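Both of the next two complexes hold subunit A, though its partner changes from subunit B to subunit C.
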Partner chain A sequence: MNVYSKVIKNTYYDSVVLMLISKEIKEIEDIENVIVAMGTDMNINLAKSLSIYTEELEDISSNDLFISFSSKEDVFNKVIDKVDELLNKKAKTANDTYHHKTLLTEIKNNPSSNLVFISVAGEYAYEQAKIAIDNNKNVMMFSDNVSVEHERKLKELAVSKGLLMMGPDCGTCIINNKPLGFSNSVRKGPIGIIGSSGTGIQEVSVLIDYLGSGVSQVIGTGGRDMKKEIGGLTTIQSLKLLLEDKKTEVIVIISKKPDEEVIKKVLALVKLTSKKILVSFIDSSPELVESYNVKYTSSLEEAAYVAVSYIDKNIFYEELEYDIKGLINDESKRHNNNQNNLLGLFVGGTLATEADRIIRKDNVLYSNVYKSEYFVNKLEKNKNIILDLGDDEFTNGKAHPMIDPSFRTSLIKSIDESVMVLIFDIVLGYGSHEDPVSELLPSLKEVMLRFINNDSFLTVITSICGSETDYQDYLSSKERLEDIGVIVLRSNRQVADLANRLLNVKKHKNLDKIFNSDLSVISLGIDTFYNEMKDSDINVSKVNWRPTANGNKKMRDLLAKLKE
Partner chain B sequence: MKVISSDLLDYFQEKELSAYVHSIFCNTINIQTDDKLISILNNEEDIVPMSISLEQEDFSKLKIKRGDELKISNETISFKDFEIDLDTFLIWNSEVEVLSRDIYNLENKMFLIGESISEYGNKNGLASLCTESDSNLYTEYIEEEFYKFLTTITYCDFKNINKRASKLIGYGPGLTPSMDDLLSGLMISLIYYSKCYNFHVKKIEKINFEIIKNLQNKTSTISTEMLKNSSVGKCSYYTKRLLLDILNDESDFDYNVRKVISRGSSSGTDLLVGIYFGLSIMLNSDFRRGIKNECLF
Partner chain C sequence: MEEKIREANSKFMEIIKNAKPVLIDIATAIDVIPNYKKNLILHAGPPIKWEDMSGPLKGAVVGGLIYEGLASDFLSAEEIINEGKIEFDSCHHYNSVGPMAGVITASMPVFVVKNESYDNYAYCTLNEGLGKVLRYGAYDEEVIEKLEWMKTILAPVLKEALDLSGKIELKAILAQMLQMGDEGHNRNKAGTSLFIREMAPFIVKTKFNDEEKSDVLAFINSNDHFFLNISMPICKCTLDPASNIKYSTLVYAMARNGTEFGIRVSGLGERWFTAPAEVIDGLFFSAYTKEDANPDIGDSVICETLGIGGFSMAAALPIVKFVGGTTSDALDYSRDMYEITEGESDVYKIPVLDFKGIPTGIDIKKVIETGILPIINTGIAHKEPGIGQVGAGLVRPPMECFEDALVAFVEETCKKED
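Our next item is the complex of A and B:
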């Protein structure tokens, strides 16, 4: 073992630089023990105990720096060259890895920056955004838990200065073809997107890419922008920008549950433009939108198709009838009589909302998407349920399920046997898990096998919100899911639609049964009817029924309450 | 915003001084007078005792180098090509200030500090002395000696405090060696916690004096000054805020912990380890009984 030391007398380097030197030396092959420290008695004792003390250290003082190490090979010159290199460029090295601790200093040292991306805890976000805007920077704020009042103040300030304030709760943007936050690798093209819903934007942008077109700019506004308290400030500003932008020919505006007065303010801007404008406003009035001569689309998928059709006349939208009859027929044969329900587990809030709207039209549906008498935020038996797992309630103190799939996989494993169809979304792209499918496959396999072993069958349907150039490999993701029997469709709308049809078929089957089996009746009430049915050779039995509590209403109500 | 610590302001008002530049970094210039080391900081850094905080950006870009001479009066600090005007500063009180205290949450705070060190701390120094993270060669070597030292403090074994402390001071990586940061945190926190139990601060200062007795040449000049200040409870702005949070159950605890940890490389973490052990000592009834026992003094 070779032992070496170098002393740098009476020279001061800050601790960050010393730590970097230590780290770099440790990474050199064949290096054993390393000390990079001040020449105090205690550190010299340490060097002695590690047998890396040499006579170079004899006259060292507490204000000198020393580097001692042992190695198997003779790497002394290599190490010393490295140390000299690091010390000589210490200012640059320290600045490369030393990050300024205040935004203001960073702005001053980086004058060419034009956007500040803020993802600190909500209580600090307002102050930092104000600093950014005061210093003429655009802002994208991923942080949430910012008050409405603060959001409004920031947006008013940004508008007055001709800057964009995207957020709070803005997770997706693509500016000049550069992805920010959760977004996908999509082509450049002439379609601009403005959205107050992250996965809504993602779904539309990946479908545009799938159809062969591309995006000019994708501007997220934050989840509350189209609410009356904010008044669409960023949406309006973004719309004005895109109306002027020469590279944008078509504009898509996306929002979940926008307020009517804000819709009017926003759409009033588009009266005189020759550009094509269309909207995907979940839970709003088509008539209101169309009164402004703007195309209303009823799904994210339709919005993408319509937008591209304005550019490419060969593209047109119809709700594609993939071999739906065949699919429904095959799947529905496999469910047993006890399976009547749907479960939806979504990581994208807008995708959950879109699925909810489609399923709820024909079914009683419980979810955490809407605060209503049908609100539920956990799995319950014998109910159709859709859960948005990205909701604050589930992400408090935890990573978002797009990044950490473990919560969803645990829910999948606990699906009960009353469920007939499971629907969910897979979101690829920047910011998402590096391979969400591989995380889900084991739990999907486990639950599907459990159902088969219990003489039932779980239909699993998903769509992959991703482009074929996203790094998580769209095609491989699709293939791996299909290999285990998952139905993979192109869009979230198609998933919800297929699931809805399966539920309808099941309901119809349950109804249909009565016409295809022998009538067997239980008679409750007047004996005359019972006797007549018996005389007609109908298989009938009678209940010797009496009202509870002998008809006493007060007692009956009390008993009913106890049952609850 | 320009800020000066109160102890430095008092020092400047006493006399005109000659000094030289001891060391210069991106965020700090250290100046050595006959008897004091003074720091000039930019706003990136947490203000500390005997320091001035300026809005200046990168100091290493100024035409100042080690050894440059300068003059200090109560109105200006004059370098060859650069002058700092002293009359428009806010004053920060570097002295110990405790307005109210709550002893019932100290144990919980100790737990939270341990958690913060585990989660956010830099483990290149001495963090593993109080967490379950893997030890490094520095902690492996010093662990036994450190616990012997803690025992002398806990049982007010005055004969051996300095003997044990001498085997720790100057130990570890960093411009201010890790153990010096740890001992600083420990000494400062004992002074602050003593307010909870109404101990006379002089009793704690006596313990601290024993720790740093015969300090000269045991560690770097910068670290020597830090230890001296810490022994009388003087600390940086965020360290002070954190200690007040510990005593008063304030809601900025998490923020202040992270600000302390962000100091230097592992300096902030090691200081926090010292604060942790200070709490563990103060919560030990043997220590509190020893402090109350007059015959030890």
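Our next item is the complex of A and C:
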């Protein structure tokens, strides 16, 4: 019979735990007697009486843990390992893997919680948020399909209690530099962001990081906050907070199509501050904003540059040209005559909106970004189209395209030959797919090859909304795309701008064509002209035309009405 | 708005393209036409009251009542009509079409044509032949006897033959006809020939005696218009599923009752837009003149609604011998129709136009914009009942129908917008 013991100094466990462990060790083969206990006099005497006292136990104190046992064989290591295992296991269960079944109970059992992140189905979200706010918790609500009335109620309640109600439809926050929802790994710094558009926030934050600066707080307010029905409640509250926040020197406010009266309410707050305030409001009046002494920026990219320039005097914004002329020259040479259109496939709503605004200035554009007009929900030939694939009509029963890229992939495969340039966004960061580029590469390769085999060329341009510390590897993503011939630019604005220039070059080319081909005329009207042209050896045909509706004004007016 | 109209019209064209018309049966009107009643008389064209009916239609109605045994002559027929005992309605309201007067009564045999893509049906009587016939308003003993023979021999023989052969695919026959010199409205010689060719082996196999079978074959052989009564329901069952498409400006029915011409527009539901029917100016037989002619009558203009008939004149150049003009005119008439239609058929083609598909989908907007009205190829009836056909010619619908439809369309769509 051998006796072994070990002392672990300065380690306390309660007697019940240790007794249970002793019991388990006793089950090990060959063990005769065992004690696992604290080195109190009582326990040492017990060991002596069981004849398992050894000299290792001489200097023991009551704050030390000891293991002593007798066994036939040498199972010392086995025993020590087992004790270790059991001690650690016990430690875990003490923390509880049980989850409460209601928010209220969880709140009661988790008093140090300060934020409830709600992503349940919209119809249930209001109730849960109300419970959270009633119990003095801040709320971030990812859920949408919550009514305007409910949103207003929640926000008014939260404001009255000095709590933040971020959402509904809030997908992106960085609070105390911790990423929440779809967000990126961004440096700490003195720039605060308040936004009602998720990918708008993401784009600005990653560009700030790229330019060497960082963020203090990034507060999402939910998509409707800057509409008059909500009145900017969370934006105003957040702005007040950031104006007082010592760590924030610059504040960026981002929104898609904010209502004018809300802009006024919000900007009225910044009259007396010395902090630098700037906005990125897609679709609103620069004059209105600047009248409050607030800087108006016309793109998300510009907002990031301006914000950082207030911190770092070496950074200033110019619309970067890179070798844009060379690039345009090269790309446009390779398009054939039938390619005249742009297709944009976006997973970020704000990025789609920003691209839409830039392209729409010079071109007829169909998109689902502005619901009031003709609603495009499929790819049609011979049209410039931009689709926000995260929109409700595409995500029914499917995961959001930032998480599941398969729908966009299938659309890419079906691009038709009238398309000249494809633009899209890649969103990295928390919440997004673990490697969006790997999902897109095969279908991009396939479609680009198909174009080449048909004597044409598809220009593909993208920007990666990500930071170099995001886990999906920004640099490798960029490289893999460039390897197959995709043009990767730094920002969404640059992508849309380059695409727009290519469209303009094509239009100019088309215009130019007439001077380089044989004149072939269709004559519509007086026969004299037709005859003269014929006599001059011009290739001419004529139309046997009659006045529209035989001149009937009433009918012509009705027909015109239908053409609207 | 323009986009909404465009999308609705595309839907219309898609439905037309999908049609699969087949002849599945010959049956008695009251047995097979849904909601039919014993005292119901259907007629061609938009709804019309007895008092307003023209000669040929009145004659056909009288003939129908005599055939049903409800009257013995014109006066007794008029009596029961005035007593309110007879109900009149448009063939179109009962999934049916009828040529010229187009009268259908309860015990008449009808072709049953089914559109297998949308499971809808269209019905039409069997063609009596030329001369003094019911559809031209004749109602004497000879007419009634022939109708009886059609009921007791012709229809049952064909029905049994059809049971033996199984359903007849009609799309293929119509497509072939157009490439053999028929246009499906006024020239149906090739269609009739293809039909009799297909049915003959099965007619022979029916249990009727040789005399009866031979009479049936001879009857069909003697009537170059036999297939018209199948062309018409082919068109009707193809167009019916395209009715009621919100925002569509395309026409799904045209018809005349001898007094008024009516059209129906898909985006305007069941409404008829009517105006006085024109008198046809064409080629008249022997001593007849325009003075003798009845205004335009018949559901057969459903052919032009789909794009055969007058629209396909280029496929049937010999028709100019009956309607007047030159072959060059015939080509031009067809070509003009492409100006007022939404698209072309992918299956019915015109060889001389390089196998261009027939012009399909009459757009009321285009008709008004261009001032070009649909061209119709038609027979001319004598305005007195019972005399028969007096000629053939070209006619157009009144522009008023299209103008009224446009006004209504704009009103409705603007109302919806608010």
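Heads up, the rule we're going with is that the second predicted complex is superposed on the first by the 438 of 564 C-alpha atoms of A that agree within 3 Å, B and C clash if a C-alpha of one lies under 4 Å from a C-alpha of the other, contacts with A are read in each partner's own complex, and residues count from 1 in each chain.
Please note the rule applied: contacts are C-beta pairs under 8 Å (C-beta built on N, C-alpha and C of every residue); 3 or more make two chains touch, one makes a residue touch a chain.
For clarity, every value in this text was computed on a predicted model and none was experimentally measured.
Peer 1: One more residue to check, A:546. First (subunit B), second (subunit C), both or neither?
Peer 2: A:546 contacts subunit C only, not subunit B.
Peer 1: Once the shared chain is lined up, is A:449 touching subunit B (first), subunit C (second), both, or neither of them?
Peer 2: After superposing on A, A:449 lies clear of both subunit B and subunit C.
Peer 1: Output check: A:108 vs subunit B and subunit C. Expected answer is one of first, second, both, neither. What do you get?
Peer 2: Once the two structures are laid over each other on A, A:108 reaches subunit B alone.
Peer 1: A:33 in the overlay: touching subunit B, subunit C, both, or neither? Say first, second, both or neither.
Peer 2: Only subunit B is touched by A:33; subunit C is not.
Peer 1: More residues of subunit A are touched by which partner: subunit B or subunit C?
Peer 2: B
Peer 1: Under the contact definition given at the top, report the residues of subunit A touching subunit B in one complex and subunit C in the other.
Peer 2: none
Peer 1: Taking the complex as given, what residues does subunit B use to touch subunit A?
Peer 2: Touch residues, subunit B against subunit A: 22-23, 25-26, 28, 30, 42-44, 57-58, 60, 66, 124, 137-138, 141-142, 167-177, 179, 217-223, 255, 262, 264-267.
Peer 1: Subunit C touches which residues of subunit A in the complex?
Peer 2: 374, 546-550, 552, 555, 558-559, 561-564
Peer 1: Which stretch or stretches of subunit A touch subunit B in the complex?
Peer 2: Residue list for subunit A touching subunit B: 12-16, 18-19, 22, 33, 35-38, 40-43, 46, 49-50, 61-63, 91, 94-95, 98, 100-102, 105, 108-109, 124.
Peer 1: Which stretch or stretches of subunit C touch subunit A in the complex?
Peer 2: 1-3, 5, 249, 365, 368-371, 403, 406-407, 409-410, 413-414
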